[in-house]
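Here is the structure we will look at, set down as C-alpha coordinates.
Labels run A, B, C and D following the written order; every chain starts at residue 1.
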Amino acid sequence: MDLLYFAWVRERIGIGHEHVDPPEAVRNVADLICWLAGRSSGHAEALREPGKLRAAIDQKFVPLDALLGNAKEVAIFPPVTGG
Amino acid sequence: MDLLYFAWVRERIGIGHEHVDPPEAVRNVADLICWLAGRSSGHAEALREPGKLRAAIDQKFVPLDALLGNAKEVAIFPPVTGG
Amino acid sequence: MIRVSVDTAPIALSQEVAALEERGAGAVATFTGVVRGEGGVTALELEHYPGMTEAVLCDLAEAATERWGLLGVTIVHRVGRMTPGERIVFVGTAAGHRREALDACAYLIDRLKTDAPFWKREQRGDAAAWVEARESDSAAAGRWD
Amino acid sequence: MIRVSVDTAPIALSQEVAALEERGAGAVATFTGVVRGEGGVTALELEHYPGMTEAVLCDLAEAATERWGLLGVTIVHRVGRMTPGERIVFVGTAAGHRREALDACAYLIDRLKTDAPFWKREQRGDAAAWVEARESDSAAAGRWD
(Lines give C-alpha, C1' and ligand atoms only; values in the text may rest on other atoms or scores of the structure.)
Protein backbone atom coordinates (compact mmCIF):
# COMPACT_ATOMS: atom_id res chain seq x y z
CA MET A 1 0.00 0.00 0.00
CA ASP A 2 1.35 3.43 -0.99
CA LEU A 3 0.99 6.14 1.62
CA LEU A 4 1.06 9.86 0.89
CA TYR A 5 1.40 12.62 3.48
CA PHE A 6 0.71 16.30 2.95
CA ALA A 7 1.24 19.64 4.71
CA TRP A 8 2.18 19.39 8.39
CA VAL A 9 1.57 15.64 8.42
CA ARG A 10 4.32 15.30 5.79
CA GLU A 11 6.59 17.72 7.66
CA ARG A 12 6.24 15.98 11.02
CA ILE A 13 6.68 12.50 9.59
CA GLY A 14 9.62 13.77 7.60
CA ILE A 15 8.71 12.07 4.31
CA GLY A 16 6.02 12.61 1.69
CA HIS A 17 5.40 8.99 0.80
CA GLU A 18 6.26 5.45 1.78
CA HIS A 19 5.20 1.90 1.02
CA VAL A 20 3.80 -0.22 3.86
CA ASP A 21 2.23 -3.64 4.34
CA PRO A 22 -0.03 -3.31 7.39
CA PRO A 23 -1.17 -6.47 9.19
CA GLU A 24 -4.67 -7.84 8.62
CA ALA A 25 -5.98 -6.33 11.85
CA VAL A 26 -5.64 -2.89 10.25
CA ARG A 27 -9.06 -2.71 8.61
CA ASN A 28 -9.95 0.96 8.31
CA VAL A 29 -8.18 4.31 8.04
CA ALA A 30 -8.31 4.94 11.79
CA ASP A 31 -6.63 1.56 12.39
CA LEU A 32 -3.98 2.47 9.84
CA ILE A 33 -3.27 5.82 11.49
CA CYS A 34 -2.93 4.11 14.86
CA TRP A 35 -0.60 1.45 13.46
CA LEU A 36 1.51 4.01 11.56
CA ALA A 37 2.00 6.08 14.73
CA GLY A 38 4.28 3.30 16.02
CA ARG A 39 6.71 3.51 13.14
CA SER A 40 8.79 6.48 14.34
CA SER A 41 8.70 9.44 16.69
CA GLY A 42 7.87 11.59 13.65
CA HIS A 43 4.89 9.39 12.84
CA ALA A 44 3.79 9.48 16.47
CA GLU A 45 4.02 13.28 16.52
CA ALA A 46 2.12 13.71 13.24
CA LEU A 47 -0.62 11.19 13.94
CA ARG A 48 -1.36 11.58 17.65
CA GLU A 49 -4.62 13.49 17.12
CA PRO A 50 -6.63 11.56 14.50
CA GLY A 51 -9.51 14.04 14.92
CA LYS A 52 -7.35 16.65 13.18
CA LEU A 53 -6.63 14.38 10.24
CA ARG A 54 -8.41 13.74 6.96
CA ALA A 55 -7.82 10.97 4.47
CA ALA A 56 -8.30 9.85 0.89
CA ILE A 57 -8.34 6.31 -0.49
CA ASP A 58 -7.31 6.05 -4.11
CA GLN A 59 -7.75 9.82 -4.46
CA LYS A 60 -11.27 10.04 -3.01
CA PHE A 61 -11.95 11.70 0.35
CA VAL A 62 -13.14 9.17 2.93
CA PRO A 63 -14.12 9.30 6.61
CA LEU A 64 -11.62 7.77 9.02
CA ASP A 65 -13.83 4.73 9.56
CA ALA A 66 -13.70 3.84 5.86
CA LEU A 67 -12.49 0.29 5.22
CA LEU A 68 -9.16 0.03 3.43
CA GLY A 69 -10.30 -2.92 1.26
CA ASN A 70 -7.92 -3.22 -1.67
CA ALA A 71 -6.70 0.35 -1.42
CA LYS A 72 -3.59 1.01 -3.48
CA GLU A 73 -2.99 4.58 -2.35
CA VAL A 74 -3.94 6.10 1.00
CA ALA A 75 -3.29 9.76 1.74
CA ILE A 76 -3.31 11.35 5.19
CA PHE A 77 -3.39 15.11 5.64
CA PRO A 78 -4.89 18.04 7.59
CA PRO A 79 -8.20 19.64 6.53
CA VAL A 80 -7.76 21.36 3.16
CA THR A 81 -7.19 25.13 2.90
CA GLY A 82 -7.08 25.99 -0.79
CA GLY A 83 -8.71 28.76 -2.78
CA MET B 1 -39.94 72.73 -17.89
CA ASP B 2 -37.34 70.75 -19.84
CA LEU B 3 -38.52 67.47 -21.28
CA LEU B 4 -36.27 64.62 -22.29
CA TYR B 5 -37.29 61.59 -24.35
CA PHE B 6 -35.35 58.37 -24.76
CA ALA B 7 -35.37 55.23 -26.90
CA TRP B 8 -38.58 54.65 -28.90
CA VAL B 9 -40.32 57.53 -27.15
CA ARG B 10 -37.66 59.84 -28.58
CA GLU B 11 -37.86 58.20 -31.99
CA ARG B 12 -41.63 58.41 -32.28
CA ILE B 13 -41.79 62.01 -31.07
CA GLY B 14 -38.93 62.83 -33.41
CA ILE B 15 -36.94 64.94 -30.94
CA GLY B 16 -34.88 64.17 -27.83
CA HIS B 17 -35.77 67.25 -25.81
CA GLU B 18 -38.01 70.28 -25.77
CA HIS B 19 -39.05 73.06 -23.42
CA VAL B 20 -42.73 73.33 -22.47
CA ASP B 21 -44.92 75.36 -20.14
CA PRO B 22 -47.87 73.12 -19.29
CA PRO B 23 -51.05 74.70 -17.87
CA GLU B 24 -51.77 74.52 -14.15
CA ALA B 25 -54.23 71.66 -14.59
CA VAL B 26 -51.26 69.43 -15.45
CA ARG B 27 -50.37 68.33 -11.93
CA ASN B 28 -48.68 64.95 -12.23
CA VAL B 29 -46.64 62.98 -14.78
CA ALA B 30 -49.71 61.18 -16.14
CA ASP B 31 -51.41 64.55 -16.74
CA LEU B 32 -48.27 65.75 -18.50
CA ILE B 33 -48.14 62.71 -20.76
CA CYS B 34 -51.80 63.19 -21.67
CA TRP B 35 -51.29 66.89 -22.37
CA LEU B 36 -48.12 66.27 -24.43
CA ALA B 37 -49.93 63.72 -26.60
CA GLY B 38 -51.88 66.59 -28.15
CA ARG B 39 -48.78 68.43 -29.40
CA SER B 40 -48.19 66.43 -32.60
CA SER B 41 -49.01 63.15 -34.26
CA GLY B 42 -45.54 61.95 -33.21
CA HIS B 43 -46.30 62.79 -29.57
CA ALA B 44 -49.67 61.06 -29.86
CA GLU B 45 -48.05 57.94 -31.31
CA ALA B 46 -45.30 57.83 -28.66
CA LEU B 47 -47.52 58.53 -25.67
CA ARG B 48 -50.76 56.70 -26.41
CA GLU B 49 -50.07 53.85 -23.95
CA PRO B 50 -48.95 55.45 -20.67
CA GLY B 51 -48.77 51.98 -19.09
CA LYS B 52 -45.71 51.29 -21.23
CA LEU B 53 -43.96 54.46 -20.13
CA ARG B 54 -41.67 55.29 -17.25
CA ALA B 55 -40.56 58.69 -16.02
CA ALA B 56 -37.98 60.58 -14.02
CA ILE B 57 -38.31 63.99 -12.39
CA ASP B 58 -35.04 65.85 -11.98
CA GLN B 59 -33.18 62.60 -12.67
CA LYS B 60 -35.00 60.42 -10.13
CA PHE B 61 -37.36 57.64 -11.21
CA VAL B 62 -40.95 58.42 -10.22
CA PRO B 63 -44.30 56.67 -10.66
CA LEU B 64 -46.65 58.26 -13.18
CA ASP B 65 -48.86 59.70 -10.44
CA ALA B 66 -45.92 61.71 -9.01
CA LEU B 67 -46.69 65.42 -8.71
CA LEU B 68 -44.61 67.67 -10.95
CA GLY B 69 -44.21 70.35 -8.28
CA ASN B 70 -41.32 72.58 -9.27
CA ALA B 71 -39.77 70.02 -11.59
CA LYS B 72 -37.10 71.48 -13.86
CA GLU B 73 -36.44 68.35 -15.91
CA VAL B 74 -38.90 65.58 -16.69
CA ALA B 75 -37.84 62.54 -18.71
CA ILE B 76 -40.21 60.08 -20.37
CA PHE B 77 -38.99 56.74 -21.69
CA PRO B 78 -39.72 53.00 -21.95
CA PRO B 79 -38.70 50.57 -19.19
CA VAL B 80 -34.90 50.41 -18.98
CA THR B 81 -32.94 47.57 -20.60
CA GLY B 82 -29.28 48.09 -19.74
CA GLY B 83 -26.64 45.70 -18.50
CA MET C 1 -12.32 53.13 -4.37
CA ILE C 2 -15.41 53.70 -6.47
CA ARG C 3 -15.03 53.94 -10.22
CA VAL C 4 -18.02 54.56 -12.49
CA SER C 5 -17.70 55.08 -16.21
CA VAL C 6 -20.21 55.37 -19.06
CA ASP C 7 -18.32 55.59 -22.31
CA THR C 8 -18.43 54.73 -26.01
CA ALA C 9 -14.91 53.26 -25.84
CA PRO C 10 -14.41 49.47 -25.55
CA ILE C 11 -14.14 48.22 -21.97
CA ALA C 12 -10.52 47.50 -20.97
CA LEU C 13 -11.13 44.52 -18.71
CA SER C 14 -7.51 43.81 -17.75
CA GLN C 15 -6.98 47.35 -16.55
CA GLU C 16 -10.22 47.38 -14.61
CA VAL C 17 -9.40 44.10 -12.87
CA ALA C 18 -5.82 45.21 -12.17
CA ALA C 19 -7.10 48.36 -10.44
CA LEU C 20 -9.37 46.23 -8.23
CA GLU C 21 -6.60 43.77 -7.40
CA GLU C 22 -4.36 46.64 -6.36
CA ARG C 23 -6.79 47.47 -3.55
CA GLY C 24 -5.05 44.81 -1.47
CA ALA C 25 -8.25 42.80 -1.05
CA GLY C 26 -8.16 39.02 -0.90
CA ALA C 27 -11.17 38.55 -3.14
CA VAL C 28 -12.14 40.07 -6.48
CA ALA C 29 -15.39 39.16 -8.24
CA THR C 30 -16.40 40.37 -11.68
CA PHE C 31 -19.33 40.17 -14.04
CA THR C 32 -19.03 40.97 -17.73
CA GLY C 33 -21.93 41.23 -20.14
CA VAL C 34 -21.03 40.45 -23.74
CA VAL C 35 -23.05 41.18 -26.92
CA ARG C 36 -24.41 37.92 -28.29
CA GLY C 37 -24.89 37.34 -31.99
CA GLU C 38 -27.76 34.93 -31.50
CA GLY C 39 -30.99 35.45 -33.41
CA GLY C 40 -29.11 37.21 -36.20
CA VAL C 41 -28.13 40.27 -34.15
CA THR C 42 -25.46 42.16 -36.08
CA ALA C 43 -25.07 45.14 -33.74
CA LEU C 44 -26.34 46.60 -30.50
CA GLU C 45 -26.89 50.26 -29.74
CA LEU C 46 -26.98 51.53 -26.19
CA GLU C 47 -28.66 54.81 -25.36
CA HIS C 48 -28.62 56.34 -21.87
CA TYR C 49 -29.67 59.35 -19.83
CA PRO C 50 -26.47 61.36 -19.35
CA GLY C 51 -26.10 62.66 -15.83
CA MET C 52 -28.76 60.46 -14.30
CA THR C 53 -26.95 57.28 -15.37
CA GLU C 54 -23.70 58.19 -13.66
CA ALA C 55 -25.57 59.33 -10.53
CA VAL C 56 -27.51 56.05 -10.30
CA LEU C 57 -24.37 53.96 -10.80
CA CYS C 58 -22.50 55.93 -8.13
CA ASP C 59 -25.41 55.47 -5.73
CA LEU C 60 -25.39 51.70 -6.36
CA ALA C 61 -21.62 51.53 -5.88
CA GLU C 62 -21.89 53.44 -2.60
CA ALA C 63 -24.75 51.28 -1.36
CA ALA C 64 -22.78 48.10 -2.13
CA THR C 65 -19.63 49.46 -0.52
CA GLU C 66 -21.50 50.19 2.68
CA ARG C 67 -23.55 46.97 2.75
CA TRP C 68 -20.62 44.60 2.13
CA GLY C 69 -17.67 46.67 3.35
CA LEU C 70 -16.00 46.65 -0.05
CA LEU C 71 -12.49 47.90 -0.68
CA GLY C 72 -13.22 48.64 -4.31
CA VAL C 73 -16.11 48.80 -6.78
CA THR C 74 -15.96 49.39 -10.51
CA ILE C 75 -18.94 49.78 -12.82
CA VAL C 76 -18.25 50.43 -16.48
CA HIS C 77 -21.08 50.53 -18.99
CA ARG C 78 -20.49 50.98 -22.67
CA VAL C 79 -22.86 53.10 -24.75
CA GLY C 80 -23.22 53.71 -28.48
CA ARG C 81 -22.79 51.03 -31.10
CA MET C 82 -21.15 47.65 -30.46
CA THR C 83 -20.97 44.30 -32.22
CA PRO C 84 -21.27 40.66 -31.08
CA GLY C 85 -18.36 39.60 -28.89
CA GLU C 86 -17.82 43.09 -27.46
CA ARG C 87 -18.33 43.89 -23.78
CA ILE C 88 -21.43 45.90 -22.82
CA VAL C 89 -20.94 46.09 -19.09
CA PHE C 90 -18.32 45.29 -16.48
CA VAL C 91 -18.96 45.13 -12.75
CA GLY C 92 -16.10 44.34 -10.37
CA THR C 93 -15.83 44.22 -6.59
CA ALA C 94 -12.91 43.84 -4.20
CA ALA C 95 -13.41 42.66 -0.62
CA GLY C 96 -11.61 40.90 2.18
CA HIS C 97 -13.49 37.67 1.62
CA ARG C 98 -15.20 35.92 -1.26
CA ARG C 99 -18.80 36.03 0.00
CA GLU C 100 -18.82 39.84 0.18
CA ALA C 101 -17.19 40.23 -3.24
CA LEU C 102 -19.52 37.71 -4.92
CA ASP C 103 -22.75 38.94 -3.34
CA ALA C 104 -21.95 42.59 -4.03
CA CYS C 105 -21.14 41.78 -7.65
CA ALA C 106 -24.47 39.98 -8.13
CA TYR C 107 -26.32 42.84 -6.38
CA LEU C 108 -24.75 45.47 -8.62
CA ILE C 109 -25.58 43.82 -11.92
CA ASP C 110 -29.10 42.89 -10.76
CA ARG C 111 -29.82 46.45 -9.64
CA LEU C 112 -28.11 48.06 -12.61
CA LYS C 113 -30.53 46.18 -14.87
CA THR C 114 -33.58 47.81 -13.30
CA ASP C 115 -32.26 51.07 -11.82
CA ALA C 116 -29.96 52.55 -14.45
CA PRO C 117 -31.44 54.43 -17.42
CA PHE C 118 -30.05 52.50 -20.39
CA TRP C 119 -31.93 51.34 -23.46
CA LYS C 120 -30.81 48.71 -25.94
CA ARG C 121 -31.64 48.54 -29.62
CA GLU C 122 -30.78 45.41 -31.55
CA GLN C 123 -29.81 45.63 -35.18
CA ARG C 124 -30.43 42.67 -37.48
CA GLY C 125 -29.06 43.67 -40.83
CA ASP C 126 -31.14 46.71 -41.84
CA ALA C 127 -33.85 46.19 -39.22
CA ALA C 128 -33.60 47.66 -35.72
CA ALA C 129 -35.77 46.90 -32.70
CA TRP C 130 -35.75 48.19 -29.13
CA VAL C 131 -35.26 45.42 -26.59
CA GLU C 132 -38.21 44.88 -24.25
CA ALA C 133 -37.70 44.90 -20.49
CA ARG C 134 -37.95 41.50 -18.80
CA GLU C 135 -40.12 40.74 -15.79
CA SER C 136 -37.42 38.44 -14.45
CA ASP C 137 -35.08 41.42 -14.06
CA SER C 138 -37.46 43.10 -11.61
CA ALA C 139 -37.68 39.88 -9.63
CA ALA C 140 -33.89 39.55 -9.54
CA ALA C 141 -33.46 43.14 -8.36
CA GLY C 142 -36.19 42.69 -5.74
CA ARG C 143 -34.33 39.96 -3.89
CA TRP C 144 -31.83 42.54 -2.61
CA ASP C 145 -34.48 44.74 -0.90
CA MET D 1 -15.35 24.15 -22.63
CA ILE D 2 -13.81 22.99 -19.37
CA ARG D 3 -10.32 24.16 -18.51
CA VAL D 4 -8.60 23.08 -15.30
CA SER D 5 -5.03 23.98 -14.47
CA VAL D 6 -2.85 23.57 -11.39
CA ASP D 7 0.46 25.24 -12.01
CA THR D 8 3.35 27.11 -10.38
CA ALA D 9 3.19 29.82 -13.07
CA PRO D 10 1.39 33.12 -12.38
CA ILE D 11 -2.28 33.16 -13.43
CA ALA D 12 -2.80 35.00 -16.73
CA LEU D 13 -6.20 36.52 -15.99
CA SER D 14 -6.69 38.38 -19.29
CA GLN D 15 -6.13 35.23 -21.31
CA GLU D 16 -8.42 33.18 -19.12
CA VAL D 17 -11.22 35.73 -19.38
CA ALA D 18 -10.72 36.13 -23.13
CA ALA D 19 -11.10 32.36 -23.63
CA LEU D 20 -14.39 32.45 -21.69
CA GLU D 21 -15.68 35.47 -23.62
CA GLU D 22 -14.96 33.67 -26.89
CA ARG D 23 -17.53 31.02 -25.98
CA GLY D 24 -20.20 33.35 -27.35
CA ALA D 25 -22.01 33.52 -24.02
CA GLY D 26 -23.75 36.69 -22.92
CA ALA D 27 -22.51 36.51 -19.35
CA VAL D 28 -19.09 35.88 -17.84
CA ALA D 29 -18.52 35.81 -14.09
CA THR D 30 -15.15 35.48 -12.40
CA PHE D 31 -13.69 35.14 -8.95
CA THR D 32 -10.04 35.79 -8.22
CA GLY D 33 -8.31 35.09 -4.92
CA VAL D 34 -5.31 37.29 -4.23
CA VAL D 35 -2.57 36.82 -1.62
CA ARG D 36 -3.02 39.40 1.11
CA GLY D 37 -0.07 40.89 2.96
CA GLU D 38 -2.08 41.52 6.13
CA GLY D 39 -0.75 40.31 9.46
CA GLY D 40 2.80 40.53 8.17
CA VAL D 41 2.50 37.72 5.63
CA THR D 42 5.51 37.89 3.31
CA ALA D 43 4.80 34.81 1.20
CA LEU D 44 2.34 31.98 0.75
CA GLU D 45 3.16 28.41 -0.20
CA LEU D 46 0.54 26.16 -1.73
CA GLU D 47 0.91 22.40 -1.61
CA HIS D 48 -1.50 20.01 -3.32
CA TYR D 49 -2.19 16.36 -4.05
CA PRO D 50 -1.16 15.90 -7.70
CA GLY D 51 -3.64 13.84 -9.65
CA MET D 52 -6.42 14.04 -7.11
CA THR D 53 -6.52 17.84 -7.29
CA GLU D 54 -7.05 17.94 -11.04
CA ALA D 55 -9.67 15.17 -10.83
CA VAL D 56 -11.64 17.01 -8.13
CA LEU D 57 -11.53 20.30 -10.06
CA CYS D 58 -12.69 18.58 -13.25
CA ASP D 59 -15.55 16.94 -11.35
CA LEU D 60 -16.60 20.33 -9.94
CA ALA D 61 -16.41 21.95 -13.39
CA GLU D 62 -18.54 19.17 -14.87
CA ALA D 63 -21.10 19.34 -12.07
CA ALA D 64 -21.43 23.12 -12.52
CA THR D 65 -21.69 22.82 -16.30
CA GLU D 66 -24.54 20.36 -15.96
CA ARG D 67 -26.35 22.17 -13.15
CA TRP D 68 -26.30 25.63 -14.75
CA GLY D 69 -25.95 24.77 -18.44
CA LEU D 70 -22.64 26.60 -18.74
CA LEU D 71 -20.90 27.28 -22.05
CA GLY D 72 -17.50 27.50 -20.41
CA VAL D 73 -15.78 26.90 -17.06
CA THR D 74 -12.21 27.69 -16.11
CA ILE D 75 -10.55 26.81 -12.82
CA VAL D 76 -6.90 27.75 -12.39
CA HIS D 77 -5.17 27.24 -9.07
CA ARG D 78 -1.62 28.31 -8.48
CA VAL D 79 0.71 26.17 -6.37
CA GLY D 80 4.18 26.70 -4.99
CA ARG D 81 5.42 29.99 -3.61
CA MET D 82 3.71 33.33 -4.18
CA THR D 83 3.85 36.80 -2.66
CA PRO D 84 1.21 39.37 -1.61
CA GLY D 85 -0.67 40.81 -4.57
CA GLU D 86 -0.31 37.65 -6.66
CA ARG D 87 -3.31 35.56 -7.72
CA ILE D 88 -3.85 32.23 -5.95
CA VAL D 89 -6.97 31.07 -7.72
CA PHE D 90 -9.14 32.04 -10.67
CA VAL D 91 -12.62 30.70 -11.32
CA GLY D 92 -14.54 31.83 -14.40
CA THR D 93 -17.88 30.83 -15.88
CA ALA D 94 -19.63 31.64 -19.16
CA ALA D 95 -23.38 31.26 -19.56
CA GLY D 96 -26.30 32.63 -21.55
CA HIS D 97 -27.54 34.71 -18.64
CA ARG D 98 -26.06 36.37 -15.59
CA ARG D 99 -27.79 34.33 -12.90
CA GLU D 100 -26.30 31.03 -14.14
CA ALA D 101 -22.82 32.51 -14.54
CA LEU D 102 -22.84 34.18 -11.11
CA ASP D 103 -24.30 31.24 -9.18
CA ALA D 104 -21.98 28.74 -10.83
CA CYS D 105 -18.97 30.93 -10.05
CA ALA D 106 -19.93 31.16 -6.37
CA TYR D 107 -20.58 27.40 -6.25
CA LEU D 108 -17.19 26.58 -7.73
CA ILE D 109 -15.14 28.67 -5.33
CA ASP D 110 -17.21 27.55 -2.32
CA ARG D 111 -16.78 23.88 -3.22
CA LEU D 112 -13.15 24.22 -4.24
CA LYS D 113 -12.42 25.49 -0.71
CA THR D 114 -13.65 22.28 0.91
CA ASP D 115 -13.31 19.64 -1.83
CA ALA D 116 -9.93 20.24 -3.43
CA PRO D 117 -6.75 18.97 -1.72
CA PHE D 118 -4.72 22.15 -1.33
CA TRP D 119 -2.86 23.29 1.77
CA LYS D 120 -1.61 26.81 2.47
CA ARG D 121 1.44 27.76 4.50
CA GLU D 122 1.95 31.40 5.41
CA GLN D 123 5.43 32.80 5.71
CA ARG D 124 6.05 35.76 8.00
CA GLY D 125 9.71 36.59 7.59
CA ASP D 126 11.54 33.45 8.81
CA ALA D 127 8.50 31.87 10.47
CA ALA D 128 6.10 29.63 8.59
CA ALA D 129 2.70 28.35 9.73
CA TRP D 130 0.11 26.11 8.07
CA VAL D 131 -3.24 27.85 7.68
CA GLU D 132 -6.08 26.25 9.66
CA ALA D 133 -9.31 25.26 7.91
CA ARG D 134 -12.32 27.47 8.65
CA GLU D 135 -15.71 26.20 9.79
CA SER D 136 -17.39 28.89 7.71
CA ASP D 137 -16.02 27.25 4.56
CA SER D 138 -17.89 24.04 5.29
CA ALA D 139 -21.07 26.02 5.83
CA ALA D 140 -20.61 27.90 2.57
CA ALA D 141 -20.01 24.69 0.62
CA GLY D 142 -23.03 23.06 2.27
CA ARG D 143 -25.51 25.57 0.90
CA TRP D 144 -25.06 24.05 -2.59
CA ASP D 145 -26.10 20.52 -1.55
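The definition used in the following text is that contacts are C-beta pairs under 8 Å (C-beta built on N, C-alpha and C of every residue); 3 or more make two chains touch, one makes a residue touch a chain.
These numbers were taken from a predicted model, which means no experiment stands behind them.
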Leftover contact groups, counting everything except chain D: A | B, C
item	value
Shortest path length from chain B to chain D (each step joins two touching chains)	2
Centre-of-Cα separation between chain B and chain A, whole angstrom	73
Euclidean distance of C-alpha centroids - chain B vs chain C, Å	26
Chain C-chain D separation of Cα centroids, rounded to whole Å	23
For chain A paired with chain C, centre-to-centre distance based on mean C-alpha positions, whole Å	49
Of all residues in chain D, the ones touching two or more other chains	33, 98, 109
Contacts with two or more other chains, residues of chain B listed in rising order	83
Inter-chain touch pairs (all)	A-D, B-C, C-D
Partner chain D, residues of chain A touching it in the complex	4, 6-8, 10, 56, 59-61, 75, 77-83
In the complex with chain C, residue positions of chain D that touch it	13-14, 17, 21-22, 24-38, 84-85, 87, 96, 98-99, 101-102, 105-106, 109-110, 140
Chain D residues within the chain A interface of the complex	33, 46-49, 51-52, 55, 77, 88-89, 109, 112-121, 130-133
